[in-house]
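Below is one structure, written out as structure tokens, with a few remarks after it.
In order of appearance the chains are A, B, C and D, and numbering begins at 1 in each one.
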Amino acid sequence: MRIGVLTGGGDCPGLNAVIRAVVRKGVSTYGHEFVGFRDGWRGPLEGLTRPLGIPEVRGILPRGGTILGSSRTNPFKIEGGVERIKANLADHGIDALIAIGGEDTLGVATKLDELGVNVVGVPKTIDNDLGATDYTFGFDTAVNIAMEAIDRLHTTAESHHRTLVVEVMGRHAGWIALHAGLAGGANVILLPERNFDIDQVAAYVEKRFQTQYSPIIVVSEGAMPLEGQMVLQNQEKDAFGHVRLGGIGQWLAGEIEERTGKEARTVVLGHIQRGGTPTAFDRVLATRFGLHAIDAAHDGDFGTMVALRGTDIVRVPLAEATRELKTVPVERYTEAEVFFG
Amino acid sequence: MRIGVLTGGGDCPGLNAVIRAVVRKGVSTYGHEFVGFRDGWRGPLEGLTRPLGIPEVRGILPRGGTILGSSRTNPFKIEGGVERIKANLADHGIDALIAIGGEDTLGVATKLDELGVNVVGVPKTIDNDLGATDYTFGFDTAVNIAMEAIDRLHTTAESHHRTLVVEVMGRHAGWIALHAGLAGGANVILLPERNFDIDQVAAYVEKRFQTQYSPIIVVSEGAMPLEGQMVLQNQEKDAFGHVRLGGIGQWLAGEIEERTGKEARTVVLGHIQRGGTPTAFDRVLATRFGLHAIDAAHDGDFGTMVALRGTDIVRVPLAEATRELKTVPVERYTEAEVFFG
Amino acid sequence: MRIGVLTGGGDCPGLNAVIRAVVRKGVSTYGHEFVGFRDGWRGPLEGLTRPLGIPEVRGILPRGGTILGSSRTNPFKIEGGVERIKANLADHGIDALIAIGGEDTLGVATKLDELGVNVVGVPKTIDNDLGATDYTFGFDTAVNIAMEAIDRLHTTAESHHRTLVVEVMGRHAGWIALHAGLAGGANVILLPERNFDIDQVAAYVEKRFQTQYSPIIVVSEGAMPLEGQMVLQNQEKDAFGHVRLGGIGQWLAGEIEERTGKEARTVVLGHIQRGGTPTAFDRVLATRFGLHAIDAAHDGDFGTMVALRGTDIVRVPLAEATRELKTVPVERYTEAEVFFG
Amino acid sequence: MRIGVLTGGGDCPGLNAVIRAVVRKGVSTYGHEFVGFRDGWRGPLEGLTRPLGIPEVRGILPRGGTILGSSRTNPFKIEGGVERIKANLADHGIDALIAIGGEDTLGVATKLDELGVNVVGVPKTIDNDLGATDYTFGFDTAVNIAMEAIDRLHTTAESHHRTLVVEVMGRHAGWIALHAGLAGGANVILLPERNFDIDQVAAYVEKRFQTQYSPIIVVSEGAMPLEGQMVLQNQEKDAFGHVRLGGIGQWLAGEIEERTGKEARTVVLGHIQRGGTPTAFDRVLATRFGLHAIDAAHDGDFGTMVALRGTDIVRVPLAEATRELKTVPVERYTEAEVFFG
């Protein structure tokens, strides 16, 4: 078989580990040949390829990012996009595609599968919000980076009797905030799943200042206060109604300073959460996803996606990946509230 | 309720996170009081306690080790041990015990439960070899430490065209070797679950030297070669038949040097695998174990142990913890073999 | 002797290492007694103390922040401040003060010394901009944290063909940007010492995009473009003329996007640069500073400050610390320019 | 000019940073061409080369090891070795050599310089024991790795009331032990520079056990007890009289167990101290060494070596590198003793 591989969407630690596992097993166990498509769906759309064999995947396991490049190109939004993809796949003699990506990338994969393209999906989202799998790779790395930042901030908060607000990724789901907040010993954790009461947050902060320690608040970039608590100009919100200018973290710090009369500062972790070398958990998960994805392709089991269930890698229908967003359930949030204040 | 807490066996990153979660939730949600028993079962045996409340658990979440101390004391091997434990628990007005430990510690807990002591168990083994739970805390930290060491050794191996053998923990189960080896891109992984053929290992090493890269072998301390391949004096093996003097890693390096004519060196990671600050995965798992253990104690659900199943924390009978060792199944080992050589 | 210790100004990894070394040597070698003054000069001003002996300094070596707390209180700006300090020192029977801090804290120390207070200074600035010493502790830690962030960002930049701007600390001196930029392999480094030409920066970015790699720009928070290149509203600059709203990093990213037509993103490292466990370099330097400061106090060599010269710790007049800001010399910047573009 | 580059001796974090800086500045500033000689002096001896230009040095800054490979080959110990080197350099049109290495590599460079070969040296020793320079790169990385291991071991020592012995590199000089011991808060530090009294060490251990904390001993691999205290078979010592079998760390642990009646364990850090990504200090130092070495070559200032003096890079005669071993001076050791016990 001749197999194309592509990576789409935001980068995520572990993408290279998937690519390496796919190629290593494909070549050595099954004798497959590989073509690397560059920059997500733009690769098959525009016929952009790069060689992909054992030599190309040597040494990439510990590296963040993706040697194939990525993009958010959606061929279904481009006139004649699907036809061009089919033509390019035929030109390169591709028997099957392995598409590694999140909701958008796998959404395209699902539709192409329905149109007769042989696709196997590998789920990827740093936010861990795909319903079909227990975990996605990249998430553990992001949580560890955020936790290490929180560990560092504890000492600076205590030395200066100030509140520190840490804004982490998570536009629609608060998994990174929940896990990093629990792991870092945050005093308040705020998620997109539940609008927070800024008065309650200020009360937690005051309570914490009564100990010798200082408060750390972890907030998802997509978290929002209760209706009416945030008075902002229209242009300061983005299309989702999220705060743009300075972000929710900066808004929170301002409100807390005002209500407590004590300094508050914000750190926005941003892109350092998604770059760099993956943790062991993510390298093992990504490697296993890769090994099972190439098995599925070899078996001709197209239209499927690999997923983690407990400690097992299973195959599920591709459509499941995008069926529903996996948000933090209320019992997981309640579980964490015991540490608030 | 008045609840005793103890930690037994080898130390493990995450023990303090369990203790903190138990106390934080016990005090703030249920109004429990706590007594810390020192040094595992020696604490209740000899009446050694230390105060355990909110102030004592502040700041311990990121710390390795256990603030309660540990030991391998087994009260069932001590004349009148059980009676002394019961008397001391009565003296301190203890309604229930939370015992955090591995096979031995929970084995004692199981027997005490049968003798009428109210016990809830929390599983702990850095080796990840308890059958009743998907993962134990400490394991992820150990794997990451081993992986980082392997990452470092790759460059030194390549610069000198030599084989590096990394000996990791795992006397009876090869989980650390398997995960660290996969995550670190090892060329051979050797586990206690399957005796290895030293000639095959040397062949993998030779094959690797044909690339520009150099071989890294990850070996569990309990791995052994095929019958007859290791010719040693009796006194060089310990009670389990494992190599003592210098360990299996050193033996392997010697054999590989001899067979390949190229330098081989050994690194024994030893105790650095089990000390220090836990990873986010372990802090979250340990924290959740603690929260659910205190729930079980509060519910009077004694003789149980908390366990991870998928992403849920569940309660299982204490006896399950020690029923059988969870070794690496053959399919997980086969999955990894694609990377050998 | 009875010796007071205080830490002032922004927190900095290594403060606790100084405190520990002062107390360990003072008690065990000289038999001194210690009083900890809390929150910088506010401590002696308001008579706020905490116990400070061998037990209090156990385990603090690896901890960031300062167990004594800090503040920016300046007693010379407070009516009767100096008299209150003298009275409080007399009340606590203090023979000498060890003041650990930066320009402001040591400026106060210098004036108090002239007014007859026995003071020994220990220099501290994360920005490494004190003229009297080769290095200050905290700087190496900040540079390593920034370097690790840049390492992570390389992969994300490459995967998405975008420019990443990393804004680091350094309001008046560019040492952190220079060292982190050199260590992280940045393509452009921008310092407060030299106004940059935004057109030249855009040219470097374009040049970098011609390789397969993507540009990383490291910029000190205090760096500024050439006169006239930044057109902003007055309220967007702070008292120093620095950009406030979003910072210089965000401004740069906007300009680069506009000029290159390719995405650019900013990461502001902020407080994570100054918190957390110190590097070995900083722990050793801080420890040696502490050991030599207590020697100076014991010798009655007041009005002095410890400083690093080559590999030696020496004593210099306190006034030297604040005499002039140590900025990045032009030859060090020129040395780095070979890597630009 | 056409310039050859080689790296010799044990690998060391920062070698690639030197190579990169040499090539980047040589090509872009001076228009030099480069030839990479492989595996130390074996390269020019046997004419083994690899291409070395801007593309080859991209991305190598953060990587440990050396892309050129290394060896301990000494052409002066090989019949006709010098002549073959001269012939090969002529064949490749080499105008000058940049030799990066330690005592042995630079010793060869010094002799070749005297025989008319144009050489510039760059000092490299992870042990930091070259007299001509304040610091060598690689040392700071090794110290940080050892310190992190000690940090981890503290918690395991405390949880089990046991002594932990950490054996670090340093056959002839104790710099790594001194700095890692100071940074890690060791209770005893033992160096090759001064034979230790095992009874005194045991006394320190006993004293430490009287606190709640447990002892950590850091020992250089080349440290030795007082005459007569170590009773071993001849075959257990190597050519230098150092203990072979199990090393000095293992011997120490045995003696301490016997004298204190409490468990003692040894960790030998070994090769993980010299592999992997360099710290910022080492990347900056190595980069600056490279930039100044290519300047020296361009200036025709042969027979020199770059060196660090305070914060400046200077040129010194090559012969100085090997004139004398820089051991730990007695005052630095005495300074550290305040923390013993």
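Structure notes:
Methods note: a residue touches a chain if its C-beta (ideal position, glycine included) is under 8 Å from a C-beta of that chain, and two chains touch if they have at least 3 such contacts.
A quick map from chain label to UniProt name: A, B, C, D = Pyrophosphate--fructose 6-phosphate 1-phosphotransferase.
Fair warning: this is a prediction, and the values are worked out from it, not measured in the lab.
Shared contact partners of chain A and chain C are absent; no chain touches both.
Contact with chain A and chain B alike is made by no chain in this entry.
Taking the CA centroid of chain D as reference, the farthest chain centroid is that of A.
Look at where the CA atoms of chain B average out and do the same for chain C: the two points lie 41 Å apart. Here the spacing of chain B and chain D, counted between their Cα centres, is 34 Å. Here the CA centre of chain C is 30 Å from the CA centre of chain D.
Annotation for chain A: residues touching 2 or more other chains are 151, 277. A list of each chain pair in contact follows: A-B, A-C, B-D, C-D.
Residues of chain B that touch chain A in their complex: 21, 24-25, 28-29, 58-59, 61-62, 134-135, 140, 143-144, 146-147, 151, 179-180, 182-183, 185, 211, 213, 277, 279-281, 283-284, 287-288, 291, 309-311, 335, 338-339.
Within the complex formed with chain A, the residues of chain C that make contact are 7, 10-11, 15, 39, 63-66, 69-71, 145, 148-149, 151-156, 158-161, 164, 246, 265-268, 270-272, 274-277.
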